[in-house]
Structure formats: C-alpha cells, structure tokens
Amino acid sequence: QIQQDLAVANATELVNQATENCFNLCMKAPYNENLAESNQCVETCLGKYMRSWNAISQAYVQRLQNTPDV
Amino acid sequence: QIQQDLAVANATELVNQATENCFNLCMKAPYNENLAESNQCVETCLGKYMRSWNAISQAYVQRLQNTPDV
Amino acid sequence: QIQQDLAVANATELVNQATENCFNLCMKAPYNENLAESNQCVETCLGKYMRSWNAISQAYVQRLQNTPDV
Amino acid sequence: RDITNFIEIESAKQKVQMSVHQFTSMCFKNCVKDGSNPELSSAENQCLNSCVNRFLDTNIKIVKGLQNIQ
Amino acid sequence: RDITNFIEIESAKQKVQMSVHQFTSMCFKNCVKDGSNPELSSAENQCLNSCVNRFLDTNIKIVKGLQNIQ
Amino acid sequence: RDITNFIEIESAKQKVQMSVHQFTSMCFKNCVKDGSNPELSSAENQCLNSCVNRFLDTNIKIVKGLQNIQ
C-alpha cells in the first residue's frame, strides 16, 4: 500500500514536471504556431525528458555513493 | 463551514497570484520609477487579472465539458 | 521543542533559498567555466545573501511597525 | 450519503478552481505585457484561450505517452 | 493562558520569518547581479529596500481592490 | 523492527526520487533548448551532468558556510 502511494506520487510529479517543461519548450506565446508541429515537439520532448531524468538520476546516485555527506 | 474554508483558500490564492503578477508587471528593479504611475498600473493590472481569470475559467470549463478525459 | 522545530524549518529554508540563488548567480549553463572561480563566487554570494536577508528583514519589520495593517 | 456527495462535489469544484488559479498565473505571465488598460485586448484574449488549451493538449499527450512506455 | 500566548507569539514570529525568506529570494533575484563582492553596494541595498516596500504596496492595493469588487 | 526498517528505506528512496524530479526539471530548463530530437546530444548530456554536480557543490558550500557563521 505504501509503495503504491509512493509510486502514484512519483508518477504525478513526473507528469506535472514533464508537462510544464515540454509546454515551455514547444508552445510559445501567442500560441499561433502550427499545432501538428507543436504536438510532434511534445512527443520528442517527452523522450528527451525521460532520458534527462535517467541521466540526472545516474549522476546523482553516483555522487551519493562517492560522497555520502551530500 | 467547509464552503467558507474553501472560499478563504480561493481568495488567498487569488490575492497571492494577483500580487505577484501585478508586481512583476508594474514594478521593475531598481524600483525608482514614478510611484503614482506604478500604483495606477497595479489598479488597472488587477482589472486585467480578474478578466484573465474569467477568460481562463470559461475556456477551461468549456474544455472539460467537451472532453471529459482532460 | 517548538522553538527548535521552528529554528530547523528556518535554517532549512535559508539553505534551500541561498543554494538556489547562488547557484543561479554563480553557475551558468553549460557549466564549463572555471570551477575554482565559481566556488569562490558561491562563498561571496552567501555573504551577500545573508546581508540581503538582514536588509530585507529590517525593512519589513520597520514597515510592520509603521503600518500595522500590512 | 448526502454529506459524502456534498464533499465530493465541493472537492471537485475546488480542484477546478485551483487549476484555474494555476493556469491564470502562468498564462497571464506569457500573454499580458501591458498593465495600462484594464480591458483585455482581443490579441491577449486569444492568447489566454490558446494558452490554456495548448497546456491541456500537452498534459494529455504526456499522460498518454507515459502510459505507452509502461 | 501562558502556553497559548507563547504559541501565538512564536507563530506570528515564524510567519514574519517565512515572509522574509520569500521576499529575500525574490528581491535578491531582481536586485543582485554580481557575486564577486560579499558586501552590498548602496545601489543594491536601495533596490532591496524598494523591492520589499513596493511589493507590500502592491499587496495592499490588491487586497483593497478585491474588497471593493465584492 | 522489520516494518520500521522498511519504512525508513522506502522513505530514503522516495527522498532521492523527489530530488531527482527537482534536479531534472531545473537542469532540463537550463540545458535543453531544442525539442526536435528525442535523443540527448552529448553537449546536453554533459550539461545535465555538470548541472546536478555543480548544484550539489553549491549546496555543500552553503551548508558549510552557514555552519561557520554560527
């Protein structure tokens, strides 16, 4: 039950952060650029965001292992 | 009682967001522009913020009605 | 006990805000500037951040005393 | 059953309201650059409308994209 | 009565402190662009002071403006 | 003891995960400017790696600096 709650919290956080970052990257005010292109950008952006998440996670865990006082 | 608590939470949120946004729109560092003019800007900004709130609310509710899976 | 909890909350807030602000001031993407120089900047930035905290605190308390309805 | 119902409806309404607060603050920042007139120009109105709809498009695409990955 | 009093005073002090944290982070971002000197320049000091006062002016104007609408 | 242990481990894991969410959002904003390719370029990868390490350097310096002041 606890693990499931934490998994939901993590997924929610990921959805919120990826939405905010990909919206900012792909949609620019006054939002009249081509919609199909912008939607395509959101898809590639999500792939990039997941890869960034993995890269950051790796770098952070490596750092924690080398310097436990972080 | 519950409805009153929610109304207070809503009003607080509106005050905080309008303050932040109108401060950023009307007052620029190093903050030595004309004070009377800046205060006038805050007043018109609040009107604009309220109208924006209504426009966003309408657009969002309309969207929720058309696509319940949002 | 209460006072100690509040002191911890305050210290945590100060560490988080100073870290964020001095990181933004001293480290610029793509983060390949001289590391020794950037670390030096963080140290002077912390001094400046503490002085800013004191200046803001003074200005705010003074304001509260003059206009109790703030 | 009545009180449960009441709480559910109030809670859903509150969630929508809090989203409107969030969207208004974000879209106001992106769309409104001028505080000298309390009325929304048609360009600002259009921008706010597109902003919230594009944000919701992005959110849906992110959620679907993450569901496909799992 | 003593303990209630004590908690009220500590809670008010804590609220002021948390506001100071918020204002410092916001005004530091707007006023300090240089991390090479731990002392505040007089221009920076002036800017920080105006920043917090202008922010509080804005907050008061927003609260009064919303009270007039209701 | 087993359940306490389990909660401690899950809680530590969750803290790391939430930090990864925070760092990813911050470093993605600073390092990724292009959403047209789902792969990370080597420059982006390098930037993300430096970003999280520099941020942790800053955090350690700030904590040590504040300990010296007290």
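A, B, C, D, E and F label the chains in the order they appear, each numbered from 1.
The working rule: a contact is a pair of C-beta atoms (placed from the backbone, for glycine too) under 8 Å apart; a residue touches a chain by one contact, two chains touch by 3 or more.
Just so it is clear, the structure is predicted and the values come from calculations on it, not from any experiment.
Peer 1: By that same contact rule, can you tell me which chains touch chain B and chain E alike?
Peer 2: Shared contacts of chain B and chain E: no chain.
Peer 1: Compared with chain F, which chain's mean CA position is the farthest off?
Peer 2: B
Peer 1: Considering only mean CA positions as chain centres, point out the chain farthest from chain C.
Peer 2: D
Peer 1: Let me have the rounded angstrom distance from the C-alpha centre of chain D over to the C-alpha centre of chain F, please.
Peer 2: Centres of chain D and chain F (C-alpha means) sit 29 Å apart.
Peer 1: Please tell me the distance, in whole Å, between the geometric centres of chain B and chain D computed from their C-alpha atoms.
Peer 2: 13
Peer 1: Can you pull out the residues of chain A that are in contact with at least two other chains?
Peer 2: Those would be 14, 22, 26, 42-43, 46.
Peer 1: Listing for chain F: what residues touch at least two other chains?
Peer 2: Answer for chain F, listing residues that touch two or more other chains: 31, 59.
Peer 1: Name the ring's chains in order, please, starting from chain B and stepping to chain E first.
Peer 2: Traversing the ring with chain B first and chain E second gives B, E, C, F, A, D.
Peer 1: In the complex, go through chain B and note every residue touching chain E.
Peer 2: Where chain B meets chain E, its residues are 11, 14-15, 18-19, 22-23, 26-27, 29-32, 35, 38-39, 42-43, 46, 50.
Peer 1: Which of the residues in chain A end up touching chain F in this complex?
Peer 2: Listed in rising order, the residues are 2-3, 6, 9-10, 13-14, 17, 20-22, 24-26, 41-49, 51-53, 55-57, 59-61, 63-64, 69-70.
Peer 1: For chain E, which residues count as touching chain C in their complex?
Peer 2: Listed in rising order, the residues of chain E that touch chain C are 7, 10, 13-14, 16-21, 23-25, 27-29, 31-33, 35-40, 44-45, 48-49, 52-53, 56, 59-60.
Peer 1: Would you mind writing out the residues of chain E in touch with chain B in their complex?
Peer 2: My answer: residues 30-31, 43, 46-47, 50-51, 54-55, 57-59, 61-63, 65-66, 69.
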